[in-house]
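The next part holds the structures, each set out as structure tokens.
The same chain A turns up in both complexes below, where it pairs with chain B and then with chain C.
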Partner chain A sequence: MQAYLLNLGVLISIYSILAITLNFIMGYAGIFSLAHAVFFGVGAYTGALVAMSLSASIFVTVPIAMVVAGVLSLALALPALRVRGEYFVAASLGLQVLAVTVFSEWKSVTGGIGGLIGIPPVDLVGYQIYRPAAFFPLSLAVLVLVLVATRLLVHSSFGRSLTAIRDSESAAESFGKNVPLIKTISVVISAALAAIAGVLYAHYLAFINVESFTLDTSVLVMAMVIIGGTGTAAGPVVGAALLLLLPGLLSYMSFLPQTQIGAIQQIIYGLGMAVLMIFRPGGLVGRSKAKARTRPKDPDTEAQAPASRPAEAAR
Partner chain B sequence: MTASAATNAAARPVEAPEVLLEIRNLEKHFGGVHAVSNVSMDLRAGIVTTLVGPNGAGKTTLFNLITGHLVRSGGSLRWLGRDIAGMKPYRIARLGIARTFQDLRLFNDMTVEENILTVMEPGALPFSLSGPSAREKRAKVEHVMERTDLIDKAHVRAIDLAYAERKFLSLARIMAADARLWLLDEPASGLDPNSYETFLRLLREEVAAGVTVCIIEHNLDIVVGISDRIAFLDRGRLLADGEPKSVLENPELTAIYFGDRA
Partner chain C sequence: MLWLQLTFTGLQVGALYALTAAGFSLIFGATRVFHFAHGAAFVLAAYVFYWAETSGLGMVAGIVLAALAAMAFGVAMDRLVYAPIQRHEGSFFTVFVASFGIGIAVQNVLGMVFGRSFVTISTGLSRSVKLMDGVYVSPLAWIAVACAGLFFVALLLFLNRTHVGMALRALADSPELIRAYGLDPRRLSSIAFALGSLLVVPSAVITALGSGLNPTLGHHVMLISLAATIVGGIGSIGGALVAGFILGLAENLALVVFESQWTEAVTFAILFLVILLRPAGLFGRHATR
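Right after this comes the complex of A and B.
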């Protein structure tokens, strides 16, 4: 039982990191990415390869994985952020599909479908951390660090620029903001931080393959963000915990037919998400009434204001 | 006609003030619509220019061409002698040209304070290494909020403000931006008389402090009260450009303006 809970705690920490880093671009920059699992995967493969060939020290694996994921994210950000938002979603979907192919076909590096096995445990200043009782505090500590780092960023001048761009791109640029550059930096930061989750995941399981980094994972993480509350501090963690606890909770309900638990789970997911979005469109942690939705966003195309005739305006 | 009218307006001081923005033969076509058609004019330092003209005359389009939000179909734009046509909006903004939008485009989910603060932070780095210190920025934000009567709303989100407050937040942003030229797109439309007075006072103070203003405005009382010069646009063409009186007393122009054109 204890092992079960610790295992769940580790997974919730890792997925929370993914949800927090996706929320950073979704909630604050308004960039919707379906490729978040790619950077999770790049982090995991890079961390595993570095640990197997160079050093398993977290101070070696994590920085290298962050740099690799950050640089690769430029391949997505540079072309896609120069055009409108919808294109980014499409481009990210393309990258996700491409990455799954690379993960499963580049056998000499990723081990193909079989994946990488025998990944050494993470080394923290000389201590090998592999037992769940030790790994859970580590993953929790990393989660807290990532959470603090993103909060600091959101409340810095950079975070304000991101939110300004999300609310009105044309107004932001007319106050001197280099919109493509700022968006690109945010995508790089998000990808690099997501890679940390990948490194933890690779060490924890000691085995990785492409199945953990598919479109399903990207969609799951996006669901965690939306259900928890896009653009909130606690929402992504709440969303990650809820979606990972749900399967376990369902299997404890002994009155449910155990053979169909998978299907029942899907139905509850689907219904829950639809009901939530109707009654709490801002997510569980978000504002109960998303007031922003009741007033149209300032359009980025010039709107024709109602004619203010001189006589009226003089009132 | 344009050139001579412009020099008239500027002729009262001993020497004409320096030209900040030189617009020559500017053109903008949307398909078959000539939104701006062969417009030439100068915006000179310290001179308040008002753009008037019926709806659809091309006033907002002219602003969009100056700020780089639209790409011109022809003609030239020079800022202090330097060609700015084709430059990205953020670069033009950094040269010292700031604007408001007819539909405001506030940063709706940010508080009043954040809306003002963020225009003082154009840099892309997460933490600014140069520029004013955090404390100086906060002090300036306070000052701007006090002048625009928004100090009690500092922590209210822009979307939750009343109409007049939203208009003043739009002004507060431009006041914080430290620009040399302001392009104001119908900043006073729909204001109640009190707000209106506050707006005029603010504008006069800023002009006295050295800001050059070009303003789109329908209310002819304001126009006469604050303008040094009026430019009259209709169907993309600049029909007149000169002292307020001479433009407003032209019966042909008022006929167009009040809509009873032949």
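Right after this comes the complex of A and C.
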């Protein structure tokens, strides 16, 4: 029981980092990416390869993974500068599918479908951390660090520029903001921080393959952000906890046929996502509606706006 | 002769993509709903047809039942899922996540009922006939291409000649105007979903007869439809159709150079490049600024 809870705690921490970093570009920069699992994957593969060939020290694996993910994220920043709305969604989707193919077919590096096995445990100043009891505090600490870092960024002048761009790109531009640069930096930061989650994940499981980094993961993380509350501080963590607890609870229902339990979990999880969208579209930690309405432009309406004006979206 | 063979296969696959993409494009163009569960309508129709065929109801009954199932699913999604979301806030992504969730649920329900492995209906139609040396084409390929042409012409006539069709085209631009003319946007939206979902049926039936089915196929079909809609240009059903053919051909002709597992990457590399270089799509109504 304790092991189960610790395991769940580690996974919630890792997915919370993903949700927080996605929320950073979704909620504050208005960039709705369906390719977040790509950078999770890049972080995991890079971390694993560095740990297996160079050093498992967290101070080596994490920086390298962050740099690699940051550089690769320029592929996502490029369409973010060119297009908005559903066009960007489609571009990020394209990137996600391409990445999955690379993960599963670039066998010499990623191990193909079989993945990478025997990833050494994480090394923290000489201590090897592999037991869940020790790993959970580590992942929690990293989560807090990422949360604090993104909070500081959001409340800095950089964060204010971001929200200004989200609310009105042309207004921000006329105030002399370098819109392309700010957007690019936000995408790079988000991807680099997501890579940290990947490194933790690779060390924790000691095994990774493409299954963990597919479109499903990207949508799961997006669902966590929306269910928790886009553009809020606590929302992504709440969303991550809720969506990971949901299938976990089912394992305790012994009356379900064992062979079908995976399918039933998926059905509940899919329907749960839809039902939460219908009844809590603003998220659990969402701002109150009255308050949201007084803002000139809500992130939701901003996302909607280009959708109703294709000419505007295809810039 | 390899490339000629691949061209024929590409045309068959392209015809199937073109029809599902036209359905997605019709729904998206009229209602602005990113109907990701369109792929679920496809597998649902295909499995209903498979069920009818294996329980001896015959092919015609199977096609009718598949059409009814797809249309009922589309309208139910519109009424029960999208309409409530759009009534309050209703952002693009809220709709998308809900749609994706339903897609996962349908895929797993079908997996539980029919099993997760490939099933196929054996028929003489899928047997390849020698066209010339090294080029084999099955009757299904001709049927697929003919279906795509037929449905496309019917759709164009409907959208351009009937009042409902014209109202559907106007719906995307201004629901308010539709209301001012005394038409009900909700009812029109349901019509768009029914018609769009109907367009998956030929592809679903031909896939069941030809290459076979499995529950995860919906996901793949959906991604291709989406790519074709964007590549063709949002709001252009003809564009989606042509793009469907282009993607089908590209996927198969890529086999000359790449191994088969890279073909999906080819499709999405095309999508990515089109968005970067020509964001309005190949046939988009709106030029880039």
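Here is the rule we go by: the second predicted complex is superposed on the first by the 254 of 315 C-alpha atoms of A that agree within 3 Å, B and C clash if a C-alpha of one lies under 4 Å from a C-alpha of the other, contacts with A are read in each partner's own complex, and residues count from 1 in each chain.
FYI, a residue touches a chain if its C-beta (ideal position, glycine included) is under 8 Å from a C-beta of that chain, and two chains touch if they have at least 3 such contacts.
Keep in mind the model is a prediction, meaning the values are calculated, not measured.
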Which superposed partner A:Y87 touches (first chain B, second chain C, both, neither): second
In the superposition, chain B vs chain C on chain A residues touched: C
First (chain B), second (chain C), both or neither touched by A:R151: neither
Contacts of A:A164 with chain B and chain C, given as first, second, both or neither: first
Residues of chain A contacting chain B in one complex and chain C in the other: 298-299, 303-304, 307-308, 310, 313-315
Residue ranges of chain B touching chain A (in the complex, touch as defined): 55-56, 60-61, 64, 67, 69, 88-90, 93-94, 98-99, 101-110, 114-115, 117-119, 121-128, 159-160, 173, 177, 186, 188-190, 192-193, 218-221, 257-258
Contact set on chain A toward chain B in their complex: 153, 156-158, 160-161, 163-164, 166-168, 170-179, 181-182, 185, 231, 291-292, 295, 297-299, 302-305, 307-310, 313-315
Chain A-touching residues of chain C, taken from the complex the two chains share: 32, 34, 81, 84-85, 88-109, 111-112, 219, 223, 226-227, 230, 234-235, 261-262, 264-265, 267-269, 271-272, 275-276, 279-280, 284-286, 288-289
Chain A residues within the chain C interface of the complex: 32, 78-79, 82-83, 85-91, 93-95, 97-98, 101-102, 104-105, 215-216, 219, 222-223, 226, 260, 263-264, 266-267, 269-274, 277-278, 281-282, 298-301, 303-304, 307-308, 310-311, 313-315
